[in-house]
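First chain A sits with chain B, and in the next complex the same chain sits with chain C.
Up next is the complex of A and B:
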């Protein structure tokens, strides 16, 4: 399938500081992509570049096959900024009217039925909705636009657990129904494990690892054994993270094949192990060119 | 049939779905001709990725237990357990009686499970030998 987002050496600098640098990515269509990384890693910058709110300082980005600044691509992209901004003084019904006016492919039936199902009062001002209701209204607007790609910046961060679950249920329903591609950022790895089948880890303005969740889990292993120098490992193993006690060494490694060394106990990693290992790598390490298969030592 | 997910089990979600269908077949909850929930229903109900559900259904299809009819849904086509289902009720009654006895003898849940598993394992080993 074709790529929904494709970047080549993409970078964005604010004055002296690079918020995103040398980012080369190709996100295939039909996935729910989790974008993870510590605060300030460049997640929002990447999303803002993808929806044309920011212009790149370096490199190129194409969304659905076109530069986002062209506008034509944006009609097919839905975007939900952090904290689900809505017009506080406008009613729920006003939001739907506005959506209908601004979007050529507006699905009024979908918007109406969603608002009904969510139990939102059309006359209520958006400013008086709960956090969960606001997020649901914003998702309704983004979904009724009938986009091919939905970009969500920490959509559930401010929601309570019930509202969060309802939001994700709705999102997964839309994904199944409309064959949407979704890119969402979140700190909640438990949520990502359920909803995402593709992962991008961004740390310190650089992409550390990307791929389908299935492939990432199959190629990463946890090794435990007697304390030793990681340099003594067989070739073909790349150490993502290492920790030592007096007697024991624990390594999270990436490898194309199986680990046969009997002196190590090999166990599977969870998505959480994997994300934390990449996130805990010291920020500011020198990056490599090819981010698709990038592994830092 | 309604699926549930144990987020802390460490078992991949698609494997949990497969296991639940197989269990349903073994216990007679699912029978030939029954329709499984649609991919959309499962994705929305559990808040999980639709591809996860598809993967589970595809694997079940490969195992010959279900078949997808395009545009309609996924239906149970195979059997697990089969004729032995009739024996379930009396066996369950016996097991209940035994559980009551075990409790009366002062065993807690953990001891009962441990006893069952070790007996199960040693019986299986004797069968092989």
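Up next is the complex of A and C:
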């Protein structure tokens, strides 16, 4: 399985502040990859580095097997920036013409049929489109380049729930049709749950967990039982998060196999639980120590 | 890419064409009458009393013609500044402000080609428009310019001689250089400042400083000036001011050198030493014509000037300087964009 994006100790600093530091990850091809993390995790910075809008301060990044040089041609990567920027004064038709003029491999048929299907008026100025329509127009531009990799930065963040569903539905159809690799970021797992088959949780520039959705759901379990110290668990179980009430302890654990301990009620985790558990690890050591204190009280 | 550049530039281009057309109408309406006044003034093809005829022609050029003359100079001189502010400064900063640079710079064509197109089309348009203003204006003002050359002492509102501050900037080919410079100044400043309004303000400030520094500090020294002395006995046109027993003589022009650019002048005695003290014989009620008296004591005026024959050398040199500055700024802009902006 080849990687569409591979980074090694990647870092980007703005003046004094590191927006991304020591990030090492590998995003496999042939998936719809959800890049999830809280605001400020470095998702946008990573994507900007991947399309050459930023140059790394440290480390390396390779996209489709080569480093994205700042200002170099971007033929095989389609990019939808955060908030889907479009030219307000240009019409929908103008945008398609722009795409055709700036991209030699432009698929005019694809662009036209997408715009028709979405019910966009070709003569309407992009500035008067709704947020959802604007995102759809920007996605059309990115997709009609016929890229191998589509990078979408928070594509649905500014959309209402209905527009979100339509956008993601449409994205899924395009992906299936054109055998694209897709990387899309969000700080809300709910957005990505339906479309992603691969997940990367990025917190504070670090990859917390990565894998196909199927594999993640199979290897994580929710354990509920009498209140106790998570340290007393059998080997082979890694506690991702723990929460306690007066009488009960709930653990989210990762394990290679099944959990056969009868003192626990084992249930399946939702993707959202799983991601939230990993994201809350961002609190780090301090947070984990608190769990122990609670338990020993 | 040319299509996108044109599509984004279209509104500004239309504004420029409308401004050019309005200017052409204003000049076209007033020009023929000015030309006929000039034709009947006896100045064209005159063999004698040319200065008097030119002076009297300039005397009847009043009212609306003075206004158009002044407006015209203002239009040609301000056009590059406006182009720098409204075409150059927003070119990249608007893309940054609206985030559309993320769209424009992630297409298949490179950022370098994007910038080349963005600089070439509006940049050429800036030069054509400004030079258009200048050519139309030069055509309209030709009678006044010609008369002013013959009668340099005549009183007229602004910039008379070919080298005078505003007239030099408005005629010939220098407007072309100013336009190219102002435009690239706006674009390149934007790559550092990144926000439209501050970029516009800085562009205007820098351009204004350059436009003042050039005629005052640099232009006089582009070619080494001619030093000469002029007699004050006859045909001295200028100001003589006497206070107590000191005097100064300031010539308006140099006889035999119409249109020359006088850089400096001071009175000298027969030995060539600077003279400021009135000879005793020239002070007092019985001294008569003081100029004649000064002349009889060997007083002359030493002048440092640029002859009008160098006019086009000055025009070409200054245009070349501004075009070179524009190219350097464009190069800096390419370098800025090839690195990163955010």
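Quick notes
Here, the second predicted complex is superposed on the first by the 275 of 297 C-alpha atoms of A that agree within 3 Å, B and C clash if a C-alpha of one lies under 4 Å from a C-alpha of the other, contacts with A are read in each partner's own complex, and residues count from 1 in each chain.
Going forward, a contact is a pair of C-beta atoms (placed from the backbone, for glycine too) under 8 Å apart; a residue touches a chain by one contact, two chains touch by 3 or more.
The structure presented is a predicted model; accordingly, all values stated were derived computationally and were not measured.
Applying the stated contact rule after C-alpha superposition, one finds that A:193 touches chain B and leaves chain C untouched. By the document's definition of touching, neither partner reaches A:61: not chain B, not chain C.
Looking at the shared chain after the overlay, A:173 reaches chain B, while chain C stays out of its contact range.
In the superposed model, A:159 lies in contact with neither chain B nor chain C. When both complexes are overlaid on chain A, the residue A:48 reaches chain C alone and has no touch with chain B. In the superposition on chain A, A:111 makes contact with neither chain B nor chain C. Legend: residue contacts after superposition of the two complexes on their common chain; A:83 is shown touching chain C, with no touch to chain B.
Within chain A, not a single residue is touched by chain B in the first complex and by chain C in the second. By the touch criterion given at the top, residues 30-32, 165, 168-173, 175-177, 190-191, 193-197, 270 of chain A touch chain B in their complex. Contact residues on chain A toward chain C in their complex (touch as defined above): 48, 51-55, 70-75, 77, 79, 81-83, 85-90, 94, 97-99, 101-105, 138, 141, 145.
Looking at the complex, you find that chain C touches chain A at residues 1, 3-4, 7-8, 11, 98-112, 337-342.
In the complex of the two chains, the chain B residues touching chain A come out as 5, 7, 10, 13, 39-40, 43-53.
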